[in-house]
């Protein structure tokens, strides 16, 4: 753990982090675009239509990776928040808070695509099914975390308060994950296994892999960019920001 | 510009409130979010039976709008009273009732209007039959400003109190009941294939009346509450 | 601005003014005049009723008996609003607006003196550089200075100042005195409550001592 | 039965939300840097004004 | 008595809160009254169809309890923060978490308990089938303290903010949802003739856990919110 | 109560203490000692950081760097609570409780000095007769006096007083000075922020001047 802390401390000087993020965010965005472009192309044009669901199952390629991201980002946010609370590392505060809007975005995508998918599949846009409900609650939790963060003036106090909330909210993650197991549900159960035997056809997997990796890369790019913005906002008025503003005209 | 005109004062108030709203952007969405949460809670508490839900949908939406309006009521004058702004309003050369009216309308536009815009989505969540949506929207569009104006009176009465919390709710709800009865009633009428215009017209008439009388009453209430 | 003609009616005149809370008198029947160019120091120990008197004069509390004339006319809401500016214990500043935005709003509400701009007023009260600071982030004395800036912009000739010196540093006390002096020179009047612990402004001054309380 | 519309809608949502994510961040950073520049500009002529204001009384 | 013991501090706090409650007697009944009003509004909005009402009764009661708890949340620490009492709590020689726990329990006893006592009456109003009443009471008895404890965390997080209003609701409701699901679920299970003990046991376990963890978290939140 | 032995460690010692808000320093690294029987006057203009310093010392804000020793031991929550009493801008009195009930509660929370009763403390600060008055009905100065009574009852040896003189009349200022004097005679210490506009207590006094701000 100590080496992790040391690494954060080294990267943690605001100008260093700014340079790091400005340098790597475009790369992450760029590779994400490439990978996702392949994934979307393959998903839309290459994979054959499903015999039961027709073309509608193509929504899976954005729905499932987004759904996984929505939960993974929350977990990551809680981890950052815990590190920030325990060791008081400023960079982790910033990173945790940068996670929240991205997580909310992916949650929104999950809800919207699931809802669009549900219309042809279940004949309704929405149903109060446990998984759908818990995913909606996850969105509220994300909104709550960002809302709290922006409602407090002092950036560090705000980050710690919102981080505490994020940690408390972690109890929800297993509920989302296992909701389909605990309650009977309209929603699909566990069907896709990346390792080991999956219950879907092998030809459908490569674009899914691409989308999974693509969303991860996008997340990294977005995280760096958002953290950079927050970092700049906190350092507003410092000399190094001023020189940066002058040079980046 | 020695003494400001009514219009200048209103503009200053509007500019201030919009700035405050911008500074706390999130707050503008909160009433809509709260209504959404009430609806979520309901749907969960009922255990998600679609037919049952569709039957109670209009009622739940009205109650949600009403409750979120009620919660937002506390922000109508409370903040201004606590930091002494209200004292300055009373000392201003424009009538207090005018400031109250402007403030109430701004408050409606920033709290109830977002909810109104979100209604189609919320209705979908509750599986409200499509045919009832226009009537529901019309009823809410007439009803929510009426609720805000009636609420202003209650907020004014309780503004001198330290923590009013639930007292506001208790005082406001009796005033809200007629609005609810006609508002939800017109939707119910539409659901049964009856003509909903009667209830809507009554709401409209109430709104016109309240636009004139409520600010005067609320201004008087503020003067009483601040012990003048 | 009222003229300085000596035969003019007093800017503010109280006649037999009294106030009681739950039938317990807070201050007895008071009669006093304040002319243009004159300051009235309201003295008294803690709980003597100074704040209450100022609030009655501002029209925030209703007197039990007696009446207040402003420039010779009986004070009613409309007249009061144009004649009276009140600085109380509460800042009347929205915590989430910046110093400048707060002044802008208050000028929109009360009007402002010709040739006075909110930015300059901030400079005068020593808050230059704090234009874009949220009011919630000001220290106790800085908040007081913000209220003083509002007062400075107000077009009202009668200033009611409740403990304007509290929370201010020496330079701030000096500032209040200079402001009062300038205001009186322009033909205004000021009522100032103070405990006598501070320097009074070097102007034509009357004194009103309230008894009662424990002071 | 064609589900094409649904598929298009879903992918549009995906693209639009991610685009928002990207653009919002860029705008934030640009705004911050612009505000910094504005502030630097305003800081230069400010002192004379303040001195003026102090002498009015 | 140089340094007070935990017990002494708790007693002082209890005495203070009871005195304050007595001074504002009306407030104690307000949550129950608010729940009553929500229920009445519902009954009105649904137009009074007895069958429909009986079906949604348990859900409405849970939502009413939850909302009234939510509204009361603002009074948990807000008043103490605004007049500086909370600063003094932090400077007291007893752990802040202990004071938070005591305060939360007193708050529960003065806001949720009256509602619990009124439940049989309210259930009657909504024509809840008699057989479901014991399960509903048990679920509320376990659920409402859990709601109070979870709410304490949220109230603590938002205590530094001037006007939290609806933000509190937004933050609290995700935490409340599991309680609602199990609470209302157990009543629904009973209604269908299933065994409700599973849900109740889960609520009980949650309560025990929250009794330990929530005060610690809330105390940490207060320290953060007051910028320490 | 710590003894007056001159070789004893200082009652309160700050070493390299500094605080920043959003990375903007409020006060620089400060080092100072306050011995038993000694008062430290914290001076500085409005916005200099006096309030912030006192809150950091009380443990209400967390210092960015440096540390505080109380009686030779590093200050932690438990130790602070027994050593420090804080009087800030907020009254810490419930508006709906009477003066006496407020004191009773605060004694239950903080403990109280042997041989001191709440009723007597009210008499000492000049609120005799106001025992059963609700705190909300007290005037500004009377509220301050109620806070002073709480302080007087506290068993803590280190007093942190933020502008204790504000809102008080002359007799009240005298009262604060007498209280501080008596407290120091008992082997306590006091940190007092003031703008220098008031009389300092006639005791062994150090001074700490904070720069910055606009004062």
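Read from first to last, the chains carry the letters A, B, C, D, E and F; within each, the first residue is number 1.
The rule is short, and it goes like this: a residue touches a chain if its C-beta (ideal position, glycine included) is under 8 Å from a C-beta of that chain, and two chains touch if they have at least 3 such contacts.
These numbers come from a predicted model, not from an experiment.
Chains that count as touching both chain B and chain F, per the definition above, are A, C, E. Hopping across touching chains, the smallest step count from chain D to chain F is 2. Ranked by how far their CA centres sit from the centre of chain A, the chains are topped by C. For chain pairs A-D and A-E, the one joined by more C-beta pairs in contact is A-D. Rounded to a multiple of 5, the Cα-based rotation taking chain C onto chain F is 180 degrees.
For chain D, the chain with the farthest CA centroid is F. One simple way to say how far apart two chains are is to compare their mean CA positions; for chain A and chain C this gives 56 Å. Centroid to centroid, with C-alpha atoms defining each point, chain C and chain D lie 42 Å apart.
With each centre defined as the average position of its C-alpha atoms, the distance from chain C to chain F rounds to 31 Å.
Within chain F, the positions touching two or more other chains are listed as 89, 95-96. The multi-chain contact residues of chain B, meaning those touching 2 or more other chains, are 24, 26, 33, 37, 40, 44, 46-47, 79, 162.
The set of chain D residues that touch two or more partner chains is empty.
On the side of chain D, the complex with chain A involves touching residues 1-4, 6-7, 9-11, 13-14, 17-18, 20-22, 24-26, 28-29, 32-37, 39-40.
On chain A, the positions that touch chain E within their shared complex are 133, 137-138, 140-141, 143-144, 147-148, 151-152, 154, 157, 160-161, 164-165, 168-169, 171-172, 175. Partner chain D is touched in their complex by these residues of chain A: 29, 40, 44, 53-56, 58-59, 62-63, 66, 101-102, 105, 108-109, 112-113, 116-117, 119-120, 218, 222, 225-226, 228-229, 232-233, 236-237, 241-242, 244-246, 248-249. Interface residues of chain E, counted against chain A in their complex, comprise 153-154, 157-158, 160-161, 164, 167, 170-171, 173-175, 177-178, 217, 220-221, 224-225, 227. Of all the residues in chain F, the ones that touch chain C in their complex are 44-47, 51, 89, 126-127, 129, 138-142, 144-145, 163, 165-173, 195-198, 213-215.
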